[in-house]
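This report concerns only the one structure given below.
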Amino acid sequence: MKRIGVFTSGGDAPGMNAAIRAVVRQAAVLGLEVVGIRRGYAGMIQGEFLPLGPRDVANILQRGGTVLLTARSQAFMTEEGRKKAYENLQQAGIEGLVAIGGDGTFRGAMRLIEEFRLPVVGVPGTIDNDLYGTDYTIGFDTAVNTALEAIDRIRDTAASHERVFLIEVMGRNSGFIALDVGIAGGAEVIALPEAPVDPRAVAEVLLESQRRGKTSSIVVVAEGAYPGGAEGLLRAIRSHAEVEARVTVLGHIQRGGSPTAKDRILASRLGAAAVEALVGGTSGVMVGEVEGEVELTPLKDAVERKKDIQRALLDLARVLSI
Amino acid sequence: MKRIGVFTSGGDAPGMNAAIRAVVRQAAVLGLEVVGIRRGYAGMIQGEFLPLGPRDVANILQRGGTVLLTARSQAFMTEEGRKKAYENLQQAGIEGLVAIGGDGTFRGAMRLIEEFRLPVVGVPGTIDNDLYGTDYTIGFDTAVNTALEAIDRIRDTAASHERVFLIEVMGRNSGFIALDVGIAGGAEVIALPEAPVDPRAVAEVLLESQRRGKTSSIVVVAEGAYPGGAEGLLRAIRSHAEVEARVTVLGHIQRGGSPTAKDRILASRLGAAAVEALVGGTSGVMVGEVEGEVELTPLKDAVERKKDIQRALLDLARVLSI
Amino acid sequence: MKRIGVFTSGGDAPGMNAAIRAVVRQAAVLGLEVVGIRRGYAGMIQGEFLPLGPRDVANILQRGGTVLLTARSQAFMTEEGRKKAYENLQQAGIEGLVAIGGDGTFRGAMRLIEEFRLPVVGVPGTIDNDLYGTDYTIGFDTAVNTALEAIDRIRDTAASHERVFLIEVMGRNSGFIALDVGIAGGAEVIALPEAPVDPRAVAEVLLESQRRGKTSSIVVVAEGAYPGGAEGLLRAIRSHAEVEARVTVLGHIQRGGSPTAKDRILASRLGAAAVEALVGGTSGVMVGEVEGEVELTPLKDAVERKKDIQRALLDLARVLSI
Amino acid sequence: MKRIGVFTSGGDAPGMNAAIRAVVRQAAVLGLEVVGIRRGYAGMIQGEFLPLGPRDVANILQRGGTVLLTARSQAFMTEEGRKKAYENLQQAGIEGLVAIGGDGTFRGAMRLIEEFRLPVVGVPGTIDNDLYGTDYTIGFDTAVNTALEAIDRIRDTAASHERVFLIEVMGRNSGFIALDVGIAGGAEVIALPEAPVDPRAVAEVLLESQRRGKTSSIVVVAEGAYPGGAEGLLRAIRSHAEVEARVTVLGHIQRGGSPTAKDRILASRLGAAAVEALVGGTSGVMVGEVEGEVELTPLKDAVERKKDIQRALLDLARVLSI
């Protein structure tokens, strides 16, 4: 293998740039050329390729977003589109790919492998932490800390006004962000897709909190935890009890920002490991970190198997919010 | 004068605690006792008083929110409520008040002055910066920086996905936060109540930006700038042109957090000045900072006169976003 | 067991308050009373005890430092001092202790166990991460991120002036902070006690970096990595080659600040686990987190066994800094 | 005038990039071409010129440091060097310059004006705020907030260990940073070049603080306030009284980081105003902001006249630290 491609796809996540940098520099050390593909699968079809040397990735380690850009691609859903993508890669002399992203990214990669026997190794880059085969995904730690900082701010107001706040955090169908943010933020209630809450019970907890002398409360709601999100949950709570509360949806601020140390280190490590795997002849796997060690997991498993939240933490949250 | 009261009321603002600390310590230096009144006018009626000495306000300078809490009070809207409040103040030996808050707070203070000849001096504590008689209100600088940090994060995503984002910031009927955040955040468009935007023109600006090679754009929208806020504006834009865009409402994160240096200094200065004014026999005024100097403005003017935004900055924004 | 004591000792670490909160609330759920001991072993001897209920630890989760204070105690080094401490504990009805701190704290605890058969469970609270039996200590993640933020700032200047900066970080005799900060900060060289650097080789790396087109470089130096720290290393480098460089010693800023999500969660988990262990009849152990699970390690091992840095990361650092 | 040059020189300051962006975009709006000169006067002599269009300054508004780099130049101190610089500028068709920096930068500019009648307008970019003719220099607000954040962190440790900390901040011969940071950080003592402290008096204040029940104290020391800085002051204090204290020198972290809203707005405004002044035929002046309005001040005055600190704030600091 002489030349590999690297791209980011799906929602951007802090640390993607650190991963790109690691891919480029590890490849250079191993004597490989690297081609950056802009805009993910869309750019693959459009042939948006640029050579990347070690100096080209200077000073991006600390930046949020992705310098390679990301986009959705309808064309890649078609056989014709994928064929065009592959032809472009071939023409550019790209013999293997490092794909940085989440489940959509990996599903695309699996098609390339199946249809064209093109070697691809995946790197888990998504704030949602919803991939099997890695304890943490790149971007998760930053997103959690960003959401936490927001909750710390809101708590100032909640405490000053003695109010209840429902705060909706990201995570699609997973509660990883909500669970960590809820515990770290001292939430009275944490609503997760994996552990659905009963609005009646939430109402009871909030009223009971007040009886115990708590004058303000924070409820952290994962976006997929209740129909209609935090707003929907509040309406349901109010149908059971008179609770005065405000809703804040944290939204896109959770995606951006300079990555934390943990995300930069994880991205550096996995970016380098992906190149090593690819050069070593491996394909169809995601590199992840499991209990401190780099591990390879078939892309199929990474995408399809369900990683569960740490349920012990849910119990802990209950204890700590008394 | 031997004993004064201090309270916060209305929406909380970063720096309120710094102002409370300054009131208490300046009063102590002048030989006055200070009584903290919890929950604003509501606590005045309930008699929620606590003595505050210099050590009681240690370590609050850097905290967001207000340690004296804040609340709305329906009872204070009634003559009976205000009478009760006054009686409580009298009974506690409170001969004058420092009222920290925004226009609602000051309107309440004006009633106390009118009806009971109780001396009150106001301190401008609101993130909205919408009070006449001070260049900046306490909390404004922090809110602007918090919103700016959020926009910096969102820009990472906007740039990576090459998208347009409409970001709604606070400010009630004023565009101060939106204008400063818009310029500092490099917004392509800034929509203010004081300078209403035409959705058709915004659509044109965004399309023109794309033609000039900008792949992502930020539109900052003051909450009072358009019916329905940022969401409303986006709907209107879309009725004129096909613009793919996302909306983020920053919400309550703008209220909290540790105050900036500027807000702490302003709060310290105005808190101390309020006590000096009160002791000097002044009442019915707000202390403010105008061109670097402390100035007194009748509460009536502070509340009723309109402080205009710096229109030169709007022109600057247009130049800088080419 | 009906009543336990909790204290912090040694250098303060972000997350100590989160641990105190978890101890108090977990104990309350289990029906135990908690007594807070101020100023560590010094306060134990002085009898500085205060009862702590669930409401007393409200709103401390997010705060740096320790609300229970910490101090050095010469008196506790004497048999007489320890006897007095034990008598005070007995008199207060304290039947077991949760000791939050580092190796000095645990050595003190071991004396109490040995001499008076008083049950003690340790919680690892130190930014240095130098305790065996836990993957991370409470405060480490925050310290790393604080140091990283400082390095990101310094890099702005280093890049603008095209200079070399040597940045000294904390860690006593361990290189954990330096290693993580070095990788996350994109350092060209990382000097650790566990992997001593040769000044001549560092000079060569810096000159070689310049030849490869790097105009600025960051060298991260653990305080124990070289005699005289970063200043000493720079002098030694300069005796080999003419390198223009600046030194910055980050110092005490690394200890403070609001804890990260990870540190709050770790502290919450270990604080709660310590109470459970104590109640379950365990003593003489430290609760730690190993590969995601709570584990107990004899205090003696925690203190005496050497936890090694991840050497794979050192190699990674070399690859990434090309 | 058809083409102008822009450069940064001297110590880097947050907001320099925002100023560069404003210069380039305002110039473009006025139909001028802009040439960026790298490395200040050194690059002028070396002919390091690059054309800058509106797209070239995209996405730099929020970055610390300066994308144009900065350097010291011995060569520019010689007549020969300056002649070479001027010839290069002429050859590049540069008819006027915008010089962003501090007093050294402006002194250089004055030589170019005198010797070659080259029009130059200065923009005050320095964290020290030591230029006459502007209420604030670009970078000052960011430096103050960075130092303040560091002090907030150190206070956690100071309070937990009940210690005295002396914290040295930047500012060369001026106390602006120290004064603002001292008030905002709640310092017990603030040592400034403009208001020298007597070590014996400081010792007395610290001891008196302890008697009043303060268990920890912060002393903010401007680097030029005492021979040997904070270390020197502590030695002197100790020769008068036994005070246990630690010293932290904040150092270069104060220079970097993303600029605050205020610095970005100031830089945007002054960068644009500098181009307008230059185009309008003005030379030999610095653009500044005085009481909210843009004002022009002769470079000679900007550099030579002394801007005094707000002495009222020093009194305030004394009141607030009781």
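Chains: A, B, C and D, in written order; residue numbering restarts at 1 for each.
Convention: a contact is a pair of C-beta atoms (placed from the backbone, for glycine too) under 8 Å apart; a residue touches a chain by one contact, two chains touch by 3 or more.
For each chain, UniProt lists the protein as follows: A, B, C, D = ATP-dependent 6-phosphofructokinase.
Just so it is clear, the structure is predicted and the values come from calculations on it, not from any experiment.
When you average the Cα atoms of each chain and compare centres, the chain farthest from chain B turns out to be C. With centres taken as mean Cα positions, chain D sits 29 Å from chain B.
The geometric centre of chain A is 35 Å away from that of chain B, both derived from CA atoms. In whole angstrom, the spacing between the mean C-alpha positions of chain B and chain C is 39. Chain contacts: chain C has residues 152, 155, 159 touching two or more partner chains.
The touch graph of these protein chains is a ring, one cycle where each chain has exactly two neighbours. Residues 21-22, 25-26, 28-29, 54-55, 58-59, 61-62, 135, 141, 144-145, 148, 152, 155, 159, 180-181, 183-186, 212-214, 258, 260-262, 264-265, 268-269, 272, 291-292, 310, 313, 316, 319-322 of chain C are the ones touching chain A in the complex.
Of all residues in chain B, only 8, 11-12, 14, 39, 63-66, 69-71, 146, 150, 152-157, 159-162, 165, 246, 248-253, 255-257 touch chain A in the complex they form.
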